[in-house]
Each structure stands twice: as C-alpha cells, then as structure tokens.
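Both of the next two complexes hold chain A, though its partner changes from chain B to chain C.
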Partner chain A sequence: MSSVLQVTNLSKTFGHGDIFRDVSFTLNAGETIGLFGPSGCGKSTLGRCILGLEKLTKGSVLFEGKDIFRLDRKERSCLQAKMQMVFQHPEVSFDPRRRLIYSVTEPLVYHEKGESEYVLHSLLPLIHAVGLHPGILDKYPGQLSGGELQRAMMVRIYSLSPHLLIADEPTSMLDMSVQSQILNLMKEMQKKNSTACIFISHDPEVMQVMCDRIGVMSEGKCEIMNKNNFSEWMQPLLVMDTMEKDH
Partner chain B sequence: MSECTLSTQVRKISISIQKSDWLYRFKMRRDLQVACVLIVIILIIGFFAPDIAPQNPNITDLEGKNQGPTADHILGTDYLGRDLFSRVICGLQTSLEIALATIVISFIIGVTIGSFSGYQSGWIDNVIGRIIDVFLAFPSVILALALMMLLGSGVLNMIIMLSIVQWASFARLTRGQVLAEKNQEYVLSAKAAALPGWWTMTKHILPNCIMPVIVLATIDIGHAILTIATLSFLGVGIPPAIPEWGSMINSGLPYMRIAPLNVIVPGLAITCVTLLFNITGEGIRDITDPKTDNEGSL
Partner chain C sequence: MNTVLEVMDLNVTFPTRAGAIRASQQVSFRMQKGEISVLIGETGSGKSVIGLAVLHLLPEAAIISGKINYNGREILSMSEKEFSRFRGRDISLVPQNPSGSLDPLMRCGKQISESLEIRGISNLKQSTEVENILSNLQFSDPKLTAASFPHELSGGMRQRVTTGIALASEPKLLVSDEPTKGLDYSSRKTSMKMFLHLKHIRKDTHLLITHDLDLARMIGDTIHVLYSGEIIESGPVDEIFSDPHHPYTEGLIAALPRNGMKAMPGMCPGLIDLPSGCYFYSRCPYQCEQGKTIHPAIIPVNGRRSVRCHRFSR
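Moving on to the complex of A and B:
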C-alpha cells in the first residue's frame, strides 16, 4: 500500500500562540484517520493547512510524494484537485446565486474543459449513487435541505475522483438519520475509489465507526492511536459522562 | 429510470440553467417597468436632443426675451430670448453624457481596484484602503471645485474630475463586499476544488456582491446629475455656450419674478431625472436579491 499523504512536524502559529505543534502522520490509500478533540483545539485548522487553504508555520505536507507549497501554479492546481474537502455547513458550501447544477458540474467544467450538459451526463451515475433525484439540481441551495446539499457536495467532490478527502465535521449539522445515511455513503464511496480520508469530528461514536486510526488533539499535540487504544482512552471520559447524567 | 427520460430531464435542467428569476420578478413590478420605460425615453431624448429640440438652443432674440409660453416657444424664453424648451432638452443631453460616462469609468476603476484590494488582503489591501479613505475624506464638491480650477472647464474635464471624485465610493463598497464574501464557505470550497483566483472572483465572489454596487451606480447617476448642476450653478465646469440645467437656473435667478419658468423647468428636470434613477436603482436591488420576496423592501 502506498502512502498518499505524509505530514511531518506540522506546526501552526497564530498571533496569540501555537495552535498545534509537530504533528506527524502518514496516510495510506483507502485508509481513514480521525482527528478528535474539543472545540477550538485546531482540528479544522490542521485540515485546512493540509489542503493548502492556510499557510503553515513549520513542517511539510507531502501529497503523493510532492510538496504542494513548492510546486508551480499549474502543477499545484492539478494536484490540489485530487485532494478535496467536505465542509461543516452544507447550506453555505454552495454559491447561493447559482443553481445546484452549476456548482456540482463546475469543478469538472473547469478542470476538464467540458460542456456543462456533457459533464452532467457523465455525472448521472454518481448522482444516482448518492441517492439524489436529478431534478433537484435545478434548484438553488436555499431551497434544499442540509442532507440533500451534503449529498450534492459528495457529487461535486467525487466528480474529481480525489485521492484524499478531508471531511470537516460533515455530519454535525445533520440529524441522526441523515447523519448515518451520509456516513454510509461516504464509506461506500471511499471503498469504491479507495480514497484516503481525514475525518474531523468531536463525536467519539462516529469516530469509532468511520476511522481506522484516530489522532487525539489536545493542547497543541496530536497523538495517533488505533481504535482499541482510543476506546480505552475514551473509557474514563465516558464513565464521567454517564455519572453526570445519573445525577 | 430509462435512458430516454433521463436525457429529457437533463435537457430540461440545462435549459433552465440559463433561465433566471429576476426576469420573473421584473414582470411582477409595474412601477419598475414604468421607470425603465421612462429611462429609455429619457435616453432616447438625450441621444437625439439636437434633432428633437424645435429650435436651436443657442439662437438669441433680445426682442422676445423673458417671454411666457407662446406658440413659438412652448415654455417661453430666457433672458437672452433663447427657447427654453430646446435648452432643457439639450441640457438633458449634456447631463446624461457626463453622468453616464462618469459612472461607467468610476464603476470600472472602483470595482477593479476594490475587488483586487479586498481579495488580496495584507499590506496591499491596507495601502489601497488608505488611498480610498483619503479620497473619501475630502468633501466631494470642494474636491471637485479644486480639480475644476486645476483642469479648467469643459465636458471632458468634467468627466475626468467627477470620475476622480466618484471611484472611491465604488471601490470602498466593492472592497467591503468582497471582504465579507471571500471567507464564506462556498469560496473556500471553490478554492478547495482548485479553481483559480480569477475564476472564483469573477464567477462567485463578484456576482454575489456586485448588486449593491450596481444599485449604487444607478443611484449615483442621479447624484452625478445633481453634482453637475451644482457645479455649473456655481459657475464652474460647463462653458456657458453649452446648455446645462444648473447654469440655466443660475442665469434665470435674477429674472425669477418676471419669468419663473426659467428656474422651475430646469429644476423640475433635475428632480425628475434624479428621482427616476433612484427609483430604478432601488427597484433593481429588489428584483435581483433572492433574499427579498416579490414585494420588495425599502
């Protein structure tokens, strides 16, 4: 198995102090690593740094053996198209002035220089796979529910057949039943495309289901552990939680 | 689902990509339609003013000066015996010419600089932001007067001068809009899809934040007409040979008791045209904003 992503000694400092220090891990194709931690511990920032949406303070990110920050613009664009991100709020992840069909076909229209109608045809199997009715694409994002939008986001993202997917709390804004549908969908898509995935969440149960390894972030450190260690590590916290509930 | 129905569905969706909702909202707004028709009429009158005007606006007739309405002169004559009606119509041409040219130039300059500044952020944004502030800090009429002294009078100079005064407000509005818009998740998601900066800017950020700027531009046409009238009322800007509403009011003032139409007619013309552009500007804002309902809001 080849490594898709290699993160070495990643650090990020904002004006007021370190967000995280010396985060290192490697990620193989088809594998999912979870990032777990309380709010504000830098999970999302780490995800954005890996994707190149924010500048790093120190360290390096090798994606498929190449450092995206050291490439020229054209190569970087090609490589970046292979790493995608699902955002936390599906309602605002789409341009509110464009019909969904535009947003969904846009990445392919740009990267493959295709006609919108042609691209839509090629995406139809994917649209059906995520369980969307094609008629829905005619609407504006404001007219659709979070679950529908997150499915449409899956289409947009998987249309580029990414090798790395960063999911930044993709289900925290959705209700339970939709949550499990989206998670199953993500797992299925991941298996089919053998995508590497970084799954950011603060829900330990979701973590257990989705991830092969879990990185626990606290106080700027990221400690990678496997599932068993994670449940052992979680145990005292869960006990405390139930005790609180009993009272 | 069979292949056939699928492809009809695809075709239907693709057709509706081009279809837009503002047209539908426009059909619901009678007042806006009337305003637009009136603006088109005004533009036509302004464009063909020399042909429409019944008489040459500059022929003087000292025998028949300060007359009231007659068969020859529908609105009477001014202090030099020139036909008032022809002068008002030709004054419309002068005003529209200068106002439209000014707005187009300052819109292009302002939006380009403002969006660039807002998108770049960092020290570039700081420098451009301060420059915009400096331009906005001057009272516009005083800045205009000073520039007019520097450049001398004339239509072209007036356009240059008004553009220098106006661009900063467009730049500031655009910059603010872009700053607010560029941290939205859909812009991040465009970035994450490896779409280049110019694509994100022109296809997503600008269309989402340009509407207030267009509204400002439409309303500013009215303002520009007012400023032109103000300056020529004060006696700077337009040479006396060119008919202009502000200078017509100025020259009519001493004779206001014997020939009141010389002040009232150009005054009314300024009011009506300015009002018309204001109404249209606000109407455009209402119909293009999907967040408002069909009733519009003020």
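Moving on to the complex of A and C:
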C-alpha cells in the first residue's frame, strides 16, 4: 500500500518555546492514526501544520509524495482539496449568515466549478448516507443541533472525496449517544473511501475504538504506539479502573 | 424522614413564536439528606431547567406549575426577595461555565473568602479556611492557588475553584450543572476524584446535573434519566447501570466507547411538537403497539425504581 502522508522530523516553535520536536510518521490509505494528549500539548497545532495552516519550523510533510510547502499556489490548492479537516466546534465551522446548503455545496462549486443546484443533486446520496433530511439544508446553522451540523460537515468534507482527513476532537462537544452516531458514521465513510485519517482527541477510550496506531504527545515529543501498547500505557489513566467506587 | 428537596409535578413551558416549548413535564423526585441525586440527560432534555427552577432562576417568561419543597417550604411561589435569603446560603450552585463565572480581576482565594464573609467568619480565620477548602478540592498547593488569578489556572482547576466558592457557604443543598463539561481527560479525572472525596468527608446533599455517565456512576446515589423533558427512569445508580429498564437508558450505556459504542438510531424529538404516543417510540428497538398512540405513565418497579415504559405496565 502506498503511503498517503509522510511526516519527517516535524518541529514547531512559537515565540515561547518548542511545541513539538522531531515528529515522524507515515500514514497509509484507510489507516487511522490518533494524536492523544492533554489540553495544550500541541495536538491541534500538529494537525494544522500537516495541513499547511501553520508554517513549519523544521522538517517536511509529504502528501502523496509532494511537499506542500514547496508547491506554487495553484498546485497547492489542488492538493489541499484532498486534505480536509473537521473541527471541534461544528457551530462555528459554518458561516452563520448563509443557509447550510451554501456551505455544504461550496467546496465542490469552488474546486470543480459546478452549478450549485447540480452539485446539490450529485450530493443527495451522500446526504442520505449521513442520515440527514435534505430539507434541513435550507436552514441556518444556528437552527440546528451539534450532531446535525457535524453530519452536514461530513457531507461537505466527503463531497471532495479526500485522501486525508484530520479530525480535531470532532465529538468532544457532543452528547454521548450523538458521539457514537458521529464516530460510527466517520468510520463508515472512511472505510468506503479508504481515507487516511488523523484523529485528535483527549479521550483514550474513543482513541482505542477509532485508531489503528496512536501517537501520545507529551513535553514536545510524540511517541507512536500500536493499539496494544497504548492500552497498556493508558491503563493507569482510565477513570473507572483506577478509582474504587467505595473507599 | 429527612427530605431536603421534593419536586412535585414540575412543568416548565417557554412560550415562543413557533409554539410552546415544553422544557420540563411532570418532573417529580425527592432527595434525602446526604444523598447525591443525578439528573442525567442529553442537550435539550430539560435537565438544566430543573436546576434553574430549584434555584429560582428561571426567566420570567417561563410558565411554571407544580411544587418544589425545600425543607418543608414551598419555594416556587416565593417572591424573589424571600428566596434570596436561601440562594447562595442554603442552596448553592456550581455553574456550568467556570471561566465565565469567576471574576478575572480577583485572586481565587479572595473569591472563595467572599462566601465566608457572608457566613460571618472573621478575617483572621478566613485564609486558613480558604486553604482548608482548597486542599479538600485536590489542590496540591492551596496557598499558591489562593494567590492566583483565574487566568493562571487551567480549565479543570477553575472548575474546582467554583466548586470551592459554592462549598464555602456551607450549603444544605448543592446544585452543580455539568461540572465536567469541556474538560480534558486528566482534569475530568481530578474533578471526579474531588467529588468523590467531598462525598466521603462532607456528605453534602447534592443535585448533580450532567451527561457524563462515568461521573454519575462514580459519585451518584440515585439517578434520574431525562428524555425530552420527562423523567423516564429513576433508581439507585448501581441498579440502573447493571440492569437498565428503559430502552433509552440501555442505549445510552451501550453508546459508551468501552461498551462497543453502538449508536441509537434517530434523534430526540423537538420539544415543540412532541409525538402523542411514547416520545421514544421512533427510536425504540421494541416498538410496542401501545407506544404508537398512548403516552406511558411513570410506574414503580420493585419498590425503589420506576420507569416510563409500556413494557413494564402489566
């Protein structure tokens, strides 16, 4: 299998010091790697660096064999359409003044220069697949729940059939039962499209369900573990296991 | 019997242009002294509305019926002036958003000692009392925390400071609204530890509002599961987790990642046009015949438990 993403010796420094140093890993199509760590450890920054939303201090990111930081704008734009990101707050990821239909069709209209109505028609199977009623797209983001918005986000992202998806705590703001719906949906979509995925979260249990390998970030280092090592490593962290109910 | 709080047939409705939002319907439960009751439910299930009603903080537009007895006194019909003697003294709130609830320009210790002042504790004793409270809240260096401003602390630490403010007034009833929301895993764990510790040393009467099943299981005594503004199942925590009766409770527990993360189909109905039958009918795996048209009443099962489901009505 060819690798979708190759990250070599990635480092990022802000004014006050290193965020992370020498992070290296490769990611294959259909594979999920998790980034785990407490708030402020640089998980999101690493995700943003890989997408090219942040400048790197050192190292390189090869996406399908090409270095995104060495391409000119046009090539980069084509490539970036194949890398997508899901953010933590679905309610601020959509333009609040536009109907959802605009935001959902926008990527395809932009990248493939299609007509909005035609694009919507081609998206209908996808909209049904994520469990949304097409009528809901006539509403504004403020009228919908977090779960519905995150589903709409899935349509928006998978409309471009991305090869790489970076999910930055996609469900930390959602309720338990909605979380399981969205994560199952993400897994299903990923399998169908054999998308490579970087899954950022601070919940070790979700990590274990979603990821093939897990990068644990602490003090600027990122240590990649396989699932078994991770479950051993996180055993002392688990809430239910370490605290006896009756003292 | 030592009943601290008794909520009887609480109905809260918000009139809007689109129709009446029935945020809470026929909610009844009681709390004994020293008991931790958990209201568990998802966004829009009406759990915070109950907390606000207990604190007399519902907006004026809300249409409220039913009764809330606190130590034998009816509080819903009290005037704001009458109730203000209770709020913050007898009944304290740990608010949902700790960052927005703390004064950014005041050191944390000072914010806690404000509650002590109300209790009439002298200036001299205040700082030792503050440190005492902070060490109970699992802070390793209470002196340092007391001297810090809120922005110098992490989200989890701020959450624990707001709990400290609520506890400093020695309330007879503590209401906490989503204390673990938005915290990362390790802060959440520390918060849970803190609540567990407080449960053992203080034995507060505590109404906990949350959607965090782990927290409920860890510290709760009694649990009330809310769905679309109604209590659909109540009972002792252990029994509810080991043997849930209502299919929604079953679904919630199965949706936890460690239980295989099985998703329930569909979404909660909107609170404006609720179905005439069972509110859970469209998502229910059993879909009994009566559920389609008849709304189930809440019925007692085995003495200590009750459930709102037709399958238990015979």
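The criterion applied here is as follows: the second predicted complex is superposed on the first by the 240 of 247 C-alpha atoms of A that agree within 3 Å, B and C clash if a C-alpha of one lies under 4 Å from a C-alpha of the other, contacts with A are read in each partner's own complex, and residues count from 1 in each chain.
As a working rule, a residue touches a chain if its C-beta (ideal position, glycine included) is under 8 Å from a C-beta of that chain, and two chains touch if they have at least 3 such contacts.
Please read these numbers as outputs of a predicted model, since none were measured by experiment.
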Clash or fit, chain B versus chain C on superposed chain A: fit
Cα-centre angle that chain B and chain C span when viewed from chain A, reported as a multiple of 10 degrees: 80
Contact breadth on chain A, by residue count: chain C or chain B: B
First, second, both or neither for A:209, with chain B first and chain C second: second
Partner chain(s) touched by A:147 [first = chain B, second = chain C, both, neither]: second
Touching partner for A:77 - first (chain B), second (chain C), both, neither: first
Which superposed partner A:179 touches (first chain B, second chain C, both, neither): second
Touched partner set for A:95, first chain B, second chain C, both or neither: first
Smallest distance from any CA atom of chain C to any CA atom of chain B, in Å, after fitting: 12
Chain A positions touched by chain B in one structure and by chain C in the second: none
Interface residues, chain B side, partner chain A - complex: 6-7, 9-14, 16-17, 184-186, 188-196, 199, 203-204, 207-208, 290
For the chain A and chain B complex, residues of the former touching the latter: 51, 53, 73, 76-78, 80-81, 84-85, 87-89, 92-99, 101-103, 106-107, 110-111, 116-117, 120-121, 124, 134-135, 137-138, 140, 142, 153, 156, 160
Contact footprint of chain A on chain C as seen in their complex: 42-44, 154-155, 182, 184-189, 192-193, 196, 200, 211, 213-214, 217-218, 251-252, 255-258, 261-264, 267
In the complex with chain C, residue positions of chain A that touch it: 38-39, 145-148, 172-173, 175-181, 183-184, 202-206, 208-209, 237, 239-240, 242-243, 245, 247
